[in-house]
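You will see two complexes here that share chain A, one where it goes with chain B and one where it goes with chain C.
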Partner chain A sequence: MKKSFFILLLSVCLVNLANAQKFFTKAGRIDFNATAPSSPETIQAVNRTVTCVLDVANGNMQFAVLIKGFTFERALMQEHFNENYMESDKFPKAEFKGVVSNNATVNYTKNGTYAVTVKGKLTIHGQTNDVEASGKIVVQDGSVNATASFSVLLTDYKVDIPSLVADKVNKAAKIEVACNLEPLKS
Partner chain B sequence: MHKQLFAFLFLLLFSTGIQAQDDLLSLLGEEKPKKERIKYAFKSPRVINSHAMEFLNPGTMDFRILHRFGTLDQGYKNFFGLDQASMRMSFDFGILHNLMVGVGRSTFKKEVDAFIKYAPIRQSTGPWSSPVTLAFVSGITVDGLPWSDPARKNYFTSRLAFYHQAILGRKFNESFTLQLMPTVVHKNLVQAANDPNDIFAMGVGGRLKLSKRTALTWDYTHVLVGMPASGFYNPLSIGLDIETGGHVFQLHVTNSIGMNERAFITETTGQWGKGQIRFGFNLSRTFQLKKTKIN
Partner chain C sequence: MKKKLKIIVPLVLLAAALGGWYAYTEYNRKPASMENSPADFVTNTATLLGDFEENEAKANQQYLNRVIEVEGAIRAVSKDQTGLYTVTLGDDGSLSSVRCSVDSIFSEQASGLESGGGVTVRGVCTGFLADPLLGSDVTLVRCAIIKK
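Let's turn to the complex of A and B:
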């Protein structure tokens, strides 16, 4: 009986430990820029309500972002982004499921800056593609700051650019991600 | 017994571990549904002639240039009406998501008009949401023509007319929007002694999206009480909205020459059945006066 109690205690501890190995945020930031070189106006937006969870045990990483949460300088651009390009009523969310491929080289218990590569599947506008991004993980006193930048081809996600605005909207959009992750408590 | 318990616990631990790996985001729990406004019921804050349930975004200005040509039934001698044009130019401003004002001037009767439009309820989803938008518009028009009878005593107030309108509208889905507009128009001075000063009307307007950037639109106003004697008809406009980046073109045919509420509700002289309809277009160009900070 004593033994089983011990096992139970151990397992509870283990569960807690496992949970402490996850970090999260609901206020991550994604910057998006699809300005063509010849465009007179900048086509960029920011989303400050990005959700991200990182499991440091195995480097698994997931992002979710609401398309309607992107803010543009110009309201009309935002309207076109939602209505004509991203169809945010039909495809409200973009998601990423991936893994930090060199997770073993990151020591999450020691302050420092670590260069990382993230690989996974990115779903935007209902289309899923493999993406790879290089980024940085900064461990600072128990919190984890993750940043990455990469670019996506709009055609890969079936986002049509009419010829009328082809000189304004770039074929590839640059995406920058910045998340300040806190330990996830169960 | 202990072995079994251990195995059971191990299994439990292992299985939760697997589950967590599969969907990390679910660890954060279900997100609470939020109230969210339904936007973009129309491409522009006017259906064609009538006010729409849609509002300008705060901080934007809509510069509108409206044209109505002559009636089609004039045939080739006036190139089916295109030789003549009546205009209205206007500036509309979005102040809040549910408040906008505008001022315009028409060549027809050299009339200046201004309005304020406010929506206490906007269509939304989520908790405490409303299935419809309810908006109110109040406007004033000032006739600018020389007095028809300068010999008698004329008052400035005689140039004024007022309109008040409620808009009850719903964006049913991505492509279909419908709205009702009960309206009252008050004219301080009317042409004939028997003409009523107050006109009560019911409008109906809608949109059917044909593609991402084009839509079929229509608005019709039926005068219920107080139609001036003979020679006036209910205005019906049918159009095509084309959106091209910064502009919205509203191409349409209408039996009305007026482009403010007083003019098109109470002074439409064309009859659809007799081909007394006009080609017209509204050109809407939106400017962002106050940019949203994104950095």
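Let's turn to the complex of A and C:
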């Protein structure tokens, strides 16, 4: 009986220790911009319901985002984005699973700004590709602010742009990620 | 012939003007405010979460992109760095919640909400995210605070 209790206590302590190394948010922000240089209108959207988990022990990082959560200034653009391009009924989520490749250079216990590189696999529109992004991690009084910026080629994710609007939509969409992560408490 | 033209030309011009007006308003149409949008579903936190946890694909078909009016207990109210609010509905002991991203025009009402109280929120359902570590969430966006 005593042995079982000790094992249970040890398990709880280990889970707590593991969770203390993880930071998360469910209110991260992704800005998307696919405006072609010659386009008279701006094609941009924002999603502020991004889920992100960072394991500071090994740098493992994971994002999940609901495509219908991207809001545009114009309703028509938002409808085209969901129905014609991203097919969000069929592919409701996008995901990233990767790692901060220079995680060892970040001191998560000391306030500071650290330049990082994130590598991993990004799944959009049912297609998965390797991506690499440069970013920044700001450690401030126990919270971690992570930002990154990168571009994705729409053709890599089989997002077809009709020739009628091809001069307005950039072939490469710019993605900016910003997450204010808090320690995960068990 | 002249008589016919006198009728046809104004009609064509009128049709062109109406078409142009429709195209202009449709192009500039903003996403509808949830304050006056009729709800497709009126429900509560437990039912909405239960539907997604039981069968996500079926719930997606039912709720995605629909206007949902949901009533529930407030677990948390948070403000991001840009001053926008998220109201989280759910029981304290559960890992599941309904996360309501509040429309900026309702920031003042959201700022007056407190954990433990009850609220009715109306917003557009964008889906369900489940994580073994973080729990599962149904997300509503562009939310209006309907009843405190």
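The rule is simple: the second predicted complex is superposed on the first by the 173 of 186 C-alpha atoms of A that agree within 3 Å, B and C clash if a C-alpha of one lies under 4 Å from a C-alpha of the other, contacts with A are read in each partner's own complex, and residues count from 1 in each chain.
In this section, a contact is a pair of C-beta atoms (placed from the backbone, for glycine too) under 8 Å apart; a residue touches a chain by one contact, two chains touch by 3 or more.
Nothing here was measured: the structure is a model prediction, and the numbers come from that model.
S.K.: With everything superposed onto chain A, say whether chain B and chain C fit together or clash.
M.R.: clash
S.K.: Under the stated touch criterion, which partner chain does A:104 make contact with: chain B (first), chain C (second), both, or neither?
M.R.: A:104 contacts neither chain B nor chain C.
S.K.: So in the superposed three-chain picture, is A:74 touching just chain B, just chain C, both, or none of them (first/second/both/neither)?
M.R.: A:74 contacts both chain B and chain C.
S.K.: Quick check for you: in the superposed arrangement, does A:24 touch first (chain B), second (chain C), both or neither?
M.R.: both
S.K.: When the two structures are overlaid on chain A, which partner does A:44 contact: first (chain B), second (chain C), both, or neither?
M.R.: first
S.K.: Could you look at A:164 and tell me whether it touches chain B, chain C, both or neither (first, second, both, neither)?
M.R.: Once the two structures are laid over each other on A, A:164 reaches chain B alone.
S.K.: Clash with chain B: which of chain C's stretches 24-32, 78-86 or 114-122?
M.R.: 24-32
S.K.: Common interface residues of chain A with chain B and chain C?
M.R.: Touching chain B and chain C on chain A: residues 22, 24, 26, 51, 53, 64, 68, 71-76, 82, 89, 184.
S.K.: Please give the residue numbers of chain C that touch chain A in the complex, ascending.
M.R.: On the chain C side, the touching residues are 26-32, 60, 64-65, 78, 80-81, 84, 86, 99, 101, 124-127, 129, 131, 133-134, 137, 139, 141-142.
S.K.: Any idea which chain B residues touch chain A in the complex?
M.R.: Touch list, chain B to chain A: 1-2, 5-6, 9-10, 12-13, 16-17, 20-21, 23-25, 27-28, 36, 39-40, 57-60, 174, 212-213, 243-246, 286, 288, 291-295.
S.K.: Report the residues of chain A in contact with chain C in the complex, numbered from low to high.
M.R.: Residues in contact with chain C: 19, 22, 24, 26-27, 29, 48-49, 51, 53, 64, 66-69, 71-76, 78, 82, 88-89, 92-93, 180, 184.
S.K.: Under the touch definition given earlier, write down the residues of chain A that touch chain B in their complex.
M.R.: By the definition above, chain A touches chain B via 3-4, 7-8, 11, 14-15, 18, 22, 24, 26, 44-46, 51, 53-55, 58, 60-62, 64, 68, 71-76, 79-80, 82-84, 89-90, 162, 164-165, 168, 184.
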